[in-house]
Amino acid sequence: MIEPIIRVENIKKIYDDRVVLEIPHLEFEKGMIYALVGPNGAGKTTLLRLLNLLERPDEGELYFDGQQIDNSSPAVLSMRRQMTLVMQNAILFRTSVYNNVAYGLKVRSHDKKIPSAVLSALNLVGLAGFETRKAKQLSAGESQRVALARALVLQPRILLLDEPTANVDKRNVHVVESILRKINAELKTTIIFTTHDLSQAHRLTDKIISLLDGNIIDVCSENMLYGNFERDAKQQSFVNVTPSVRIAVMDYEPDSSGIFIDPKNVSISFEPQNSDGMNNLEGHVTSVTVVNEMIRLTVNTGIELIALVNPEIFQEMAMSIFNRSVYAVFKASDVRVF
Amino acid sequence: MRSRRKGCVKTYMDYIINGFVEAFRLIFSLDRDVFSAVFISLRVSLIAIILSAIISLPSGFIIATRNFTGKRLVITILNTLMAVPTVVVGLLVYTFISRRGPLGSLNLLYTPTAMIIGQFILATPILTALTISAVHAVDERIAPTALTLGANKRQLAYTVFLEVRFGLLAAVISGFGRIVGEVGAAMILGGNIRGITRTMSTAIALQTNMGEFEVGIALGIILLIVAFLINILFHYFQQR
Amino acid sequence: MKKLISCVFVFLFLVSLGASAEVRLKLGTTTSVDNAGLLKVLLPPFEQMFNVRVDVIAVGTGKAMELGKNGDVDVLIVHAKDLEEQFVREGSGVNRRDVMFNDFVILGPSSDPAGIKGLKDAVAAMKKIATKKSPFISRGDNSGTHIREKSLWKLAQINPSGSWYMEVGQGMEATLQIAYEKHAYTISDRGTYLAFKNKTDLQVLVEGDMARLGNPYSIIAINPAKYKHVNYVYAMALVGWVTSVEGQNIIGNFKTPSGEVMFHPTVIPTQ
C-alpha cells in the first residue's frame, strides 16, 4: 500500500484544559484534494496548524511520507518547506507585492528563479501589474490573492488553505477554485482546505472531512445533504433537501446549511414506521456491498442514502430487496445538523 | 544709553529685540562660538545614541520575543529608569569618574567621553523600552506567516526586524531628542569647557547669566530648530 | 463713612512717612566680595549710623561696571583697576578711593609639570605654562579674576589657545574643581582658594608678585552730574565709612574660619 503523504495518529490538542481536537486516525493521500468542513470552533484551523507543524499536538504523532516529525525534529524545517499554509485574513509583509510573493523563494535561496516565478504567480491570481504596489495599500480581496500567489510560487507538495475564498470578492472565487484544480491536476499538489461552503467542498474535493467539537464525524461524504430549514405550525423542524424530500430534524440554527446522517443509523424496512420523530423515505435499493462485515446498501429515495445494516437483518430481507420499494428509516434525533 | 524716563516696557522690548537681531547675525555669520557648541552637542549626542542603539535594539528585541521569568519586572524597571532626572544620572556617573571615585585614574571627568557616558545611560532605557513596544506591536500573524513560508529562526528574526524598522527608527530619534537638549548630565560631567565640552544647552544655561544674552538666544533658536526637526522626523517614521 | 475714609488716609500717610524715612542706597559689587561675607559685617554699622538700607547687587565685575554705566546703582565696590580708570575717565564715576586689597595666586598640581613653583615673576610663570602647553583652566566669564588672567597673558605677549587652554565660563569654586580634576594650573583669588583648600589638592605655586598679582578694591560713587537721580549724598557717606578708621578696622579684622585675613585694608593698614 502506498504510504499516505500525511498520517495522523492519536492526536490530541488541549487549550486551557479543554480538548479542542481529538483524532484517533486520519490519512491524506498524495495528489488528492480534501475539504475540512464543520461549524466554527470545530477544530478545522487547529488541525491545519498542526499539519503545517506550526503547533505541536499534546499527544500523538504526525507522519510525513512515513517519517515521524514534530516541532523539535531537525527535519521539521525541510518538511515545512515542502508545504505552506494560506491563512484566512492572511497578513502581508510591510513591503511591495513583489517582495511578498518572492519571500518564500528568498528564504530558500532560490534567487535566480524569483523574477519569472513571481510574475507568473501574480498572473495566475489575476494581479498582473501589481508588483510594485505597496502591500499595505491593497484591499482585503487583493491581499488574500497576493497571499495565495505567495504560496503558489513555492509549488509546494502540500498546500493548506484556511477558507481560501471567504475574503475574496465574488467574481474572483472561481479564479481561486480553478487555480486549485489546475495545480492539483498539473503539479499533483495535495490540497487540504477548510470551508463553510459545502457546495464548494463538493465541487472541488475528492474527500470531505467533517469535524465537530474537535472530532471527525465522518471521513466520507456519505449521507451529507444540504437544504433550507424551516419550522412548521407545530414548531417541528424540517430541512427541505429537494422539493419532494423533506427530512425531520430535532432543531436547527439560523446559519445551518446541511445535515448528515450516519449510515449506521439508517435502517431498511418494507413498512414505514410512522411514529413521532421518525423519517421514512421510500425508494429502491440500487447497490449492495460488504464493508467490514456489515452490509452497505445504497437506496435511491429521490436523493441517495447509504444504510449500513447487520448481515442477519439483510439475510431476512435478502431476495426481496431488489424487487420492491423499501423505506429508509431513521430517527430525527439521529440527524446531525451543521 | 537708556534713559530711565522712557516707559519700562519699551526698554525691555528693545533688550529682547536687540537680542534676537544679534542672535540672527551670529547665526548667519557662522559665529565660531555658536557653531562650536552646536557641533559638540550633535557629535556627543550622535555618538551616544549610536552606542546606545547598538546595545538597546538587540536587547529590546530579545526581551520582547522571549518569554522568561521576570520579564514583566524587567519591563517595569526599564520604564522607571526612563523617568530618572538627567542630573541624577550626571551625579551617578560623576561619583564614579571624579578623581575621588573608583574610576578616577581614568581622568574621564570634564571630557566629551564623560558626557557620552551620561547620555548613553539616559538613552538606553528609552531605546530598549520603545524597541520592546514596537516589537510587541507587530501583528502576531507575522511570525507564523514567515514560518509557514519556510523561514528558519534567523530569517524569522530578520523578517520581524524589517516589519518594525520604522518603529525602531522612531525609537532612536526619540532617544536622540531626549539627550541632545539635556543639560543636567552635560553640565555635571562636561564642565562647559569652550570648544571641548560646551554644548548648546550648557552654554545657554551658564552664559545667559554672564550677560551673553545674544549667544544664548542664538543657541536657543538653533536648539529649538533641532527639537522641532526631531519631532517631525519621529512622527513621520511612527506613521509608516 | 467719611470718618472711616479719612482714618484710612491718615494711616496711609503715616505709613508712607515711615517708608520714606528709610533711605535706600544701591551698591553694585562683585560676587567674590559678596561671597566672602565681608559686607555682612561692614554694612550694618553704616546702615544704623545713617539710617539707610543698603541694597547689595552682586554680579560679575563686567556686569557691575555696566550697572554703574547705566546708573542702575548709586555706588560701586569693584576690583578692576583698568576698567575703573576708564570708568572715571569717561565721567561715569567720581571720587574713586582705594579701600582694601588681597591677592591672586597661581595654583597647580603638586607635580608642577611646567616647573613654576617659587617663581617671583607671575608673567614668567604664565610664559612657562604656555610654552609647556600644560593644562590651564580659565574662568572665561569676564570676572575680575578672568580680567586679571587676560592681562597677565597680554604682558607675556601670549594669546593662549589650544586644547591645553580651557575656558569654562563658570565661577571660582567650579573652576577650582575642574582644575583639580584635570591636574591643571589656574589663577584664583586667595580668599576663595583658602575657603576651598581642603576640597582639592591644588598647591599655591606662585605668589607675592604684588605688581602683577595684587588685587586692589576701590569704591566709586556714580556721577550725579550724569545721573540726576542717584543717591549721591549717601554714596559719599559710604565712601567715607569704608575709608574711615572704624570701617578699615572692621575690614582688617574680618578673618576666615581658619584665622586668615581675607582683605587687607589699604587706607589705614592694620598694625
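As written, the chain order gives the labels A, B and C, with residue 1 at the start of each chain.
Simple rule for what comes next: a residue touches a chain if its C-beta (ideal position, glycine included) is under 8 Å from a C-beta of that chain, and two chains touch if they have at least 3 such contacts.
This structure is a prediction, so every number in the text was calculated from the model and none was measured.
Colleague: Using only Cα atoms to place each chain's centre, name the chain farthest from subunit C.
Modeller: A
Colleague: Which chain lies at the heart of the structure, taking centres as C-alpha averages?
Modeller: B
Colleague: Roughly how many whole angstrom separate the Cα centroids of subunit B and subunit C?
Modeller: For subunit B versus subunit C, the centre distance works out to 39 Å.
Colleague: Between subunit A and subunit C, what distance separates the C-alpha centroids? Give it in angstrom.
Modeller: 96
Colleague: Distance-wise, how many Å sit between the C-alpha centres of subunit A and subunit B, to the nearest whole number?
Modeller: 58
Colleague: So which bits of subunit B are touching at least two other chains?
Modeller: Within subunit B, no residue touches at least two other chains.
Colleague: Under the touch definition given earlier, write down the residues of subunit A that touch subunit B in their complex.
Modeller: Per the touch definition, subunit A meets subunit B at residues 49, 52, 54, 77, 80-81, 84-85, 87, 89-91, 93-95, 103-104, 107-108, 150-151, 154.
Colleague: Applying the document's contact rule, which stretches of subunit B touch subunit C when the two form their complex?
Modeller: Touching subunit C from subunit B are residues 1-2, 4, 98-99, 107, 109-110, 191-196, 198, 203, 206-207, 210-211.
Colleague: Can you tell me which positions in subunit C touch subunit B when the two form their complex?
Modeller: Within the complex, subunit C contacts subunit B at residues 60, 62-63, 66, 69-71, 140-142, 163, 166-170, 174, 178, 180-183, 229.
Colleague: Which residues of subunit B touch subunit A in the complex?
Modeller: Per the stated touch rule, the residues are 139, 141-142, 144-152, 155, 159, 162-163.
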